[in-house]
Structures are given as structure tokens and as C-alpha cells.
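One chain, chain A, appears in both complexes that follow, with chain B as partner in the first and chain C in the second.
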Partner chain A sequence: MYKLSIDNLNELFALIGQDSKVYAPIERAGQVEFFLWSVEEKVRLDALNTVKSAKGFFFPQTEVLYKTKLEGKKIEIEAAEDAEEPTVYFGVRACDVKSFDVLDKVFLSEPVDSYYAAKRKHGTIVSMACSKPADTCFCGLFGIDATSPAGDVVTWIVGDTLYWDSKTEKGEALTVKVKELLVDADDVEVKKQQTEVKEMIAKAPLHDLSLEGFGGDALDELFNSPKWEALSSACLGCGTCTFVCPTCQCYDIRDYDSGHGVQKFRCWDSCMYSDFTMMAHGNNRTTQLQRFRQRFMHKLVYFPANNDGDFSCVGCGRCLQKCPQSLNIVKVIKALGGKKND
Partner chain B sequence: MQKLRDEIVAKCKALLEDGTVDRVIGWEKGLFDYDCSPATFTKENIDELVYNEYCGSNLSKYLVKESKAEGNVAVLLKPCDTYSLNELLLEHRVKKEKIFVLGIPCGGMKDEKGELLMKCNTCKGNEHKIADEVMDSDLTVPEARDRFELVEKLDGMTPEERFAFWQGELSKCIRCNACRNVCPACTCLKCVFDNHASGIDSKANADSFEEKMFHIIRAFHVAGRCTDCGECSRVCPQGIPLHLFNRKYIKEINELYGEYQAGETEDSRPPLANFTKEDAEPSVIYEKGRD
Partner chain C sequence: MTKKEDVLIPKLGVVTDIRRDTPDVKTFRVNAPEGGKVFEHMPGQCAMLSIPGVGEAMFSITSSPTNKEFMEFSIKKCGCVTEWLHQMEVGQEILIRGPLGKCFPVETELKGKNLLFVAGGIGIAPLRSVINYVIDNRENYGTVDVVYGARSAEDLVDLKEMQESWSNIDGIDVHLTIDREQEGWDGNVAFVPNYVKDLGFTTDKTVLVCGPPIMIKFTVAGLQEIGFQTNQIYTTMELKMKCGVGKCGRCNIGDKYVCKDGPVFRYDELGELPAEY
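Then we have the complex of A and B:
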């Protein structure tokens, strides 16, 4: 393990930035999001969750997949933006790192999504352990340890010191690159912080949820539950919960006529919207109850049914914080789950 | 407030018992103390109704859906929420005969941090503009600041500064549509932004032009109809001060057509939907647009 003073963060970013792009949690107009780092930006490593999750690194909200140009009978195809550039994502929390596993299952299984795959391949993830989880955090429910995130390099901030531990080949390569700024360190302070934070998590308001009763086997019973009506009745059908969620993965693709060709465009979609998965015969979910049910059934039943029991939620708590009417997945888990949630 | 809450529940029970209504729209407790949700109650669960300083959401828009459902419904409205109902009645979006309005006093609503909601800083007052009955209480709304303070500050900027301000705010927008969907004035059956046939439907802002277009169209569509209920800014996950758009238009309308408060009464003549000979000439745009 190594360490570095947090006063030297800008030098660290500048050094990494010499031959790759660096994204970090940055505050603009009062909100913290992952933005491309530059020395003028206000880095906010103390902010817990960015409004949008980290999924946009590999699965951006909008993306031009390719363009075609028509000249007479000749069609020219222009490829998408270059995704081959090495990029370092700094300060990703444990829940968001785990969300990449969920997204990998979707985008890297056959047929592989080459746009996602290229960005993933050239990205190095520097994660950051949490020292002050929020009331709304419940990542523990999905087996995530907020004090020991996954990632190519894992970091902890204790006081004015950033601890640095590389975990993968990509992480090693990055460590070599910034070696001149790092000094050897033991893990005493890190261990101490981990113990303290684990105690905090054990007492957090949502520490004792249970997923008993969810998963692929419960499909019919949960789908037909009469409780969806009350759970969904206040839902506005906005897309907030889906757009802030790190594991929501649905998108829409359209061809746009650019006058002299076609632009193939993709953007995030939301199962909460009335035209989601619209087909020639119309829409197969015509009420907000059905759309609301789809979102949570996907995360807690359909996804595990198709992915060896893994859930498609990482307990980041964004939908708890951001739903205009305070509806969220924890309410669904409590209402439909096993007795343990009472 | 617990006493008021108990009295509200007792009143709702009476309304459900004597058959005046079949359902009640109010708020229920959330996971924490500060995240109450709108909820529908019947005789079976009316005891779960809560009313406290975390009931900021405006329930009037749910009446559009409720008006189409079977039976009658009672709705709990704070003073500011009643303006929205009047506006919905004026536009024939809800059926008053199916609704029992229980006006509830308000002492100011808070966000999850315990701070007063933006809208409550400029509260319109204690009076319910429409109600079948108003609950009695000594709660009183917080003292109001001037609601045009920030609009005037923006008006005082150079066009470049103002553009930079809005660019900074609007570039945060994730097009989640929370501001639109929560708005009691946004009740089109199909929004232009969802309607593929409109040619301007979109699910995301692909560039900075689209970021602004969505917001300018949204605000224009509610100009003269927006009651300034503040829900759009309350719900925005990015903290974008959307109410400043609305208030800019309200200020302009006041100046050009005379003071007007949307939702003040259920039969007012909205200045932008009403013609008088004294109306401002369209040419004001040319005079105003320059700086």
C-alpha cells in the first residue's frame, strides 16, 4: 500500500492526465458529477454519490453510434467517436463499481456491445472507500463492502492522506506511472477507518433489509401481487429513478435523417415512459402500475432469473433521494419481501 | 401538528363513513421522517395518513386521474395547492363535483435537510382559494420574501452573464422530466416531447441547444397558467431553479397586462388567453429584447 497527501491531488491528476483522460467528482453549479478533470475544476472527493451514477462512463446518456453520408449511389460510413483513448475514472464508490458488473452482464454478453466494450477496455477504475455512508445507503444488502470497494486501484482518505492500493494489472500499470508521487505506507490507519465505518453501517437505518422472497422463482407470485397498486399510485412516470440509477440499462435507438445521410443515435430510455418498447401493435404496458412494476421486477426478479441470482440493484440509494414523491426500491422490498423486513 | 393531524384523520373518517367520499388523497410516512409520499386512503388504512412539515408535495394534479376514476375523493390541500386546483378547474381538467377539498393550514414545509422549501420562502399566504371545508388551527405560514428578488437580479445582468448563468444551470439537466410530470399545469394528454409525430420529441438533450429548448418550451407552455406552486424546483434532482423561468414570465405578464395571479379564482380570465383593447402590442418584444 502507498500513500500521498491530498494536497498533492492536482499533481496526481496532472501526472495521470499526461497520457490519458481523467474523470473525477467535480462540482459545477452546486451539484457534483463526474466531469473531465482540469486544474480549474473544483474536485469534491468528500461528496458521497454524484447525481448521475458512474454508468455514463461506459454507457453515456447520448451517443452517436455512426453516421452515413450519401453521395449519388455511394454510401460513406463514418465511425463513432474514438473510444480507444485511455481514461482513468477517479473516486468511484463501491456501489457504482459493483454496477459495472451488472452492466457487463448485459453489454458484454453475446452479442457484445462494441461501444461499451471499447470504453470499458480502455478505462481504469480508481475507486474510493466510503467513510460517511448516508441514511439512504444499503449496498450491504447486495454483498458490497463500502470500506473495501472493487476497482483497479482502491483508495481511502483518512484525514489529509490518500491511501492507494492497486488490485489488478491495470492498477499496477497506473501505480507505476504515478510512483514518483507515492510513498510506501502500512495499512494501520485504513484498517482503523474500516472498522469504524463498518460499525456505522451496522447501525444505519437500512442495515437490516432482507431479499428473502425475491429472485427468479418468485415471478408469478410477485407479478400478481395486489400491493403494486398502492406502491405505484403516486408515481408520476417521470424517469428520475431510472436516469440516476447506476444499473438501469435500457436505451432507445433512432435513425435521424441528416439531410444527406443517416445518423444512428442512441440515448437512455426509461421503462417509466409511455412509449417504452413501443411496437407496431402499440405498447405492451399501458398503465403506470405496469411500468412501475416493470422497473422493480426487472431489478429483483427478471435480472436474477437470467443472471445466476444476481440482483440488478447495488443499494446506492439514489432513487431514495431523488424520486419527487419518495417512492423507491426499498419500499418495494419492504412491502413485497419476506417477513424479515417487518 | 400531531393534534391537527388527528383532527384531519377524524374528519376524513367522517367523510368516508357518511359516504361523501370513497377515497382520500393525503400523505403517508416514508422510510425516514422527512420523506412523506402522496398516498390514497380508504376506510381500511386511513389511520396511516400523516400530516407534518414534510408534506410539501402538491396533491392537486392527482385529481386529474381521480376525476376519471369511479367514486368521489377528498383531497388535502395546503393554501398554495388550492391555486393549482383552481387553475385545473378553469381549464376543465378535473370534475369538481367528484372532489371534496379539505383545506389544511400550513406552517411551512421542509426538505430532507430540515430547511424551508424554496416555495415556502415566498408563500402566498394562509388563505385557501378553494375549499369545501378548512381545518381550524393556529399554524401560520412563514413570512414571505419578495418573489421577484432573484428575477430582478438576473434582469440586471448583462446578456452574456445571464446566458452563462442559465447555461451552467441547464447543462446539469438530465431530462428526467420530473419538473414536467409533477407540474399541475402540465396536463396535456400527450406532451410534444413524447409525441413522435410532433417532430421535436426527445428523451435526452443531445447538445446545449436542446438543453435550453426543452426548458424554454416547458416554461412558455405554462406561461400565464403557472401558479408559481414551486413543485418543479422542489423535485429537480439537479437543483435547477426552474421557478425563475416561471417567475420571469409572471413578472413580464404583470407588467404588460396588469397584476395577475393564476389560480386566484376558478373563473378568472388568463391574460394570455383573453383579448382586450388595452393589451400590449406585439412590438414590445422589439423594445424589450434589446439590452
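Then we have the complex of A and C:
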């Protein structure tokens, strides 16, 4: 394990930035999001959750798939190029790091999504342990340890010191590159912080949720539950929950006609939208109840059925913070889950 | 930088023939620009066709893989993409990607079986691929019955092929029907599900049924009444699709993605899905 003073963070980013792009949680106009780092930016490693999640690193909100042009009877097509620029993502929290596992299961399963794969391959993740979990956090429910996140390099901030521990080959390579700024350290302070934070998590409001009763086997019973009515009746179908969610990965493919040709692009979409499943001979989900149910059934039942029991939620709490109607996955888990939630 | 290849990136195809089947259905022949087929497929599989600036939509490949020269698509005019396709002329280039989805199990579960095909309207598109495949591999299959119906005589797709080619092959019976009486039609008049029941097929057959959801539902109910089991029946599902490879989430029903796990399903598998299609 190594350490450096957080006064040297800009030097660290500048050194990494010599041959990589660096993304970090940065405050602009009062909101913290992952933005491309430069010296002028206000880095906010203390901020817990960025407004939007980290999924956009590898699955951007919009991305061009190919360019094409129609002229009379002729068509030209030119594929987009693979992202090959090394990029370091700094300060990713445990829940968001775990979300990459969920996204990998979708985009790296056959047939591999080469757009996602290229960005993933050239990305190095520097995660950051949490020292002050929020009341809306419940990553522990999904087996995530917020004090010891996954990632290529894991970091902890204790007081004015950043501790640095590389975990993978990519992490090792990054460590070598910034070695001149790091000094050897023991893990005493880190261990102490981990113990304290674990105690905080054990007392957090959502610490005792249970996923008992969810997973692939409970499909019919949960789908037909009369409780969806009350759970979903206030939903506006605004899609905020799906956009901020690190594991929501539904997308649309569309044409943008620039006047000099067409860009075929994909963009985030939402199963909460009324036209999501609209087709020529009708719509198979005409009510918001059906759409609301789809979002949560997918996360808690369908996805686990296809992915060895892993859920498509990482407990980041963003949907708890952002839904204008105070609807969220915790309410669903409490209402439909096993007795342990009572 | 390397140029990409991806299942989302289409190839070029050229429309080499256009046939008008009905007032709102045309069948398009598609070749690779250098001739031959753009890619190989199996009966029941689909392809995404697109036009720059118009959009992309999913279609069954209605030609049989035993056709080594070209692919065909029977397309009903009902929206942006399909309207554009309908105004095309021969020589038009289009974008095409596939093959997408699972095929009918022609080389496994259907082999050696007596087959009953039931189609309504444009639902003949995926079945036509299977029927011609079966005809071209005649020795591998038993008897063949085709029940096909449409609103009116003008709406029967591929009528010529059925009457002039299929009907003349030993062991193949074609049963046509239309919804309402009309002048010049001396064939059967009935809705497809009722006609299937009236024909009273023996239950030694494996059934492949495609058409509007309501037709499929009543046909299956009728077949069950005369003793067929749901695991003897195959069908295709139609849901809105974008990626065609199980990732965009659009066609998700229960733990299945219709684009990737279907569109062909055995009916008893459908019964396990939430009633949301």
C-alpha cells in the first residue's frame, strides 16, 4: 500500500493525464458529475454519489454507431472507430464499480457489444472507499463492501492522506506510472477507518433490508401481486430513475440527419416511457403499472434468473434521492419481499 | 484506429426484384451488391432492414435457406420504414443486418414429423421459409398441411406459389380460406381458427402457427380442444425490437428476450412467461 497527501492530487491527475484522459467527480454549477479533469476544475472526492452514475464511461448517454448516406439508389456506410484512448476513471464508489459487473453481463455476453468492450478495455478504474455513507445507501444488501470496493486501484482518504492499493495488472501499470508521487504506507489508518465505517453502515436506516423472496423462482407470484397498484399509482413515467441508475441499460437506436448524411446513434432509453414497447400492431404495456412493474421485476427477478442470481441493482440509492414522487426500489423490496422486511 | 465490425452495423444489400402480393404487401428480393446472398440463415430467422434517415425494422426472411441465390422479404405497409420500402424501385440499395433470432427446429424437433402449418395474413412470411425448406428436404419430413387465411382473396400472400407449386407436390395439402364471402371465390369461407377445427386434423402432427396474436390464441385453443398438446405447437412472437441481440431491453418478457430467445417459441415455453404479450 502507498499513500500521498491530498494536496498533491492535482499533480497526480496531471501525471496520469500525460498519456491518458482522466475523469473524476467534478463540481459544476452546484452539481457533482464525472467530468474530464483539468487543473481549473473543482474536484469533489468528498461527494458521495454523482448525480448520474458511472455507467456513461462505457455506455455513453448518446453514441454514434455508424455514419451513412442515401443518394438516390446508392447508400454509403462508414462504421465509427473504436475508442482506443487510455482513460482513467478516478474516485468511483463501490456501488458504481459493482455496476460494471452488471453491465458486463449484458454488453460482454455474446454477441459482444464492441463499442462497450473497447471503452472497457482501455479504461482503468480507481475506486474510492466510502467514509460517510448516506441514509439512502444499501449496497450491503448486494454483498458490496463500501469500505473495500473493487477496481484496478482502490483508494481511501483518511484525513489529509490518500491511501492507494493496486489490485490488478492495469492497476499495477498505473501505480508504476505515478510511483514518483507515492510513498510506502502501512494499512493501520485504513483498517481503523474501515472498522468505523462498517459500524456506521450496520446502524444505517436501510441496513436490515432483505431480498428473501426475490430472484427467478418467484416470477409468477411477484408479477401477479396486487401490491403493484399502490406501489406504482403515483409514478409519472418521467424516467428519471432509469437515467440516474447505474444498472439500467435499455437503449434506443435512432437516425440523426445532419443534412450531409445520417448518423445512426444509440441513446439511453427508459422502460418507464409509454412508447418504449409501442409497435405497429399495438403496445404490450399500455399502463404505467405494467411499465413500473417491468423495471423492478427486471432488476429483482428476470435479471437474476438469467445471471446466476445476481441482481440488477447495486443499492446506490440514486432512485431514492431523485424520484419526484418518492417511489423507489426500497419501497418495492419492502412491500413485496419476505417477512424479514416487516 | 481500427474500423469496427459489430452486430449493430449493417451490410449493404440491393433490391433485385419487387412483386406486389396484395394491396398492402410486397415481396422484395435482396442480393449482395456483388451478387449472391448477403448472409446465410435458417427458417424463422429475421433481419433488420434500414434506410438512412428513415429507420430500421425487423422482418422475417421469407425465402428458404435452400434458395442459394437470394433472400426475400414479404412486407406489409404500415408505418415509416415499411412505407419507404414500398415505394422503392429495383436497384435500390438498403442496409441489412442479421441473421437474428432463433429458427424453427427444422433439423431437430421437426425432423421426421407430420407438419401442420397455420398462417393468417402476413404471418405466412416466416412459415413460407420453413415450407420451402421442407419441400427441398422432402425425405426428412412426413405429411404437410398448410392452412392459410386472409381477410379477402386479394389479401392472400404468395397465392400463386401455393396453388401452382405447393398444391402439386405429393403429400402436401393446401387449405385456403377467407374471412367473408366474395364474388369469384369458390373456396372456403371462415376465420382461420374455426377452419382449423373444422378440418379436424389428427393429433400426430407438429403445428407451426403464425399470424395476428388473436388468431394464434384462438387457433391454439381450438387445437387443444381436438386433443393437441401445447408442446406440439410452435409459434413466433412479434414485439417492438431495436437491437435484435438481447441488449436494448425492448423485447424483454419475463426472463426472455424475444429477439434472441425467440421469435420462435414452443407454445408450452410461452405459458411460463408473464402474460404481457
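Operating definition for what follows: the second predicted complex is superposed on the first by the 323 of 342 C-alpha atoms of A that agree within 3 Å, B and C clash if a C-alpha of one lies under 4 Å from a C-alpha of the other, contacts with A are read in each partner's own complex, and residues count from 1 in each chain.
Please note the rule applied: a residue touches a chain if its C-beta (ideal position, glycine included) is under 8 Å from a C-beta of that chain, and two chains touch if they have at least 3 such contacts.
Computed from a predicted model, the values in this text were never measured in an experiment.
> Mind checking the superposed model to see whether chain B and chain C fit together on chain A or clash?
Fit: chain B and chain C sit side by side once superposed on chain A.
> Angle at chain A, chain B to chain C, CA centres, as a multiple of 10°?
Nearest-10 rounding gives 90 degrees.
> Which partner does A:N284 contact after superposing on A: first (chain B), second (chain C), both, neither?
In the superposed model, A:N284 contacts chain C only, not chain B.
> Please work out whether A:L320 is in contact with chain B alone, chain C alone, both, or neither, and reply first, second, both or neither.
first
> So in the superposed three-chain picture, is A:L219 touching just chain B, just chain C, both, or none of them (first/second/both/neither)?
Once the two structures are laid over each other on A, A:L219 reaches chain C alone.
> Report for A:L236: first if it touches chain B alone, second if chain C alone, otherwise both or neither.
first
> When the two structures are laid over each other on chain A, which of chain B and chain C touches more residues of chain A?
Partner touching more chain A residues in the overlay: C.
> With both complexes overlaid on chain A, does A:D252 touch chain B (first), chain C (second), both or neither?
Both partners, chain B and chain C.
> Applying the touch criterion given at the start, work out whether A:F35 contacts chain B, chain C, both or neither, answering first, second, both or neither.
Touch partners of A:F35: none, neither chain B nor chain C.
> Is A:F142 touching the first partner chain B, the second partner chain C, both, or neither of them?
neither
> In Å, how small is the closest CA gap from chain B to chain C once the two complexes are overlaid?
9
> Which residues would you name on chain A as touching chain B in one complex and chain C in the other?
Overlap of chain B and chain C footprints on chain A: residues 252, 269.
> Tell me, which parts of chain C touch chain A in their complex?
Per the touch definition, chain C meets chain A at residues 1-10, 12, 50-56, 78-79, 82, 89, 91-95, 212-213, 238-240, 242-243, 245-255, 274, 276-277.
> Would you mind writing out the residues of chain A in touch with chain B in their complex?
Checking each residue of chain A against chain B gives 28-31, 33, 51-52, 61-62, 135, 205-206, 230, 233-234, 236-240, 243-244, 252, 265, 267-270, 273-275, 320-322, 324-328, 330-331, 334.
> Mind pulling up the chain A residues that touch chain C in the complex?
Residues 65-66, 68-70, 73-75, 77, 79-82, 84, 106-107, 109, 111, 113-115, 216, 219-220, 223, 249-255, 257, 261-262, 264, 266, 269, 271, 276-281, 284-285, 290, 294, 297-298, 301-302, 305-306 of chain A touch chain C in their complex.
> Can you list the residues on chain B that touch chain A in the complex?
Touch residues, chain B against chain A: 30-32, 35-40, 57, 62, 112, 168-169, 171-172, 174-178, 180-182, 194, 196, 203-206, 231, 234-235, 237-239.
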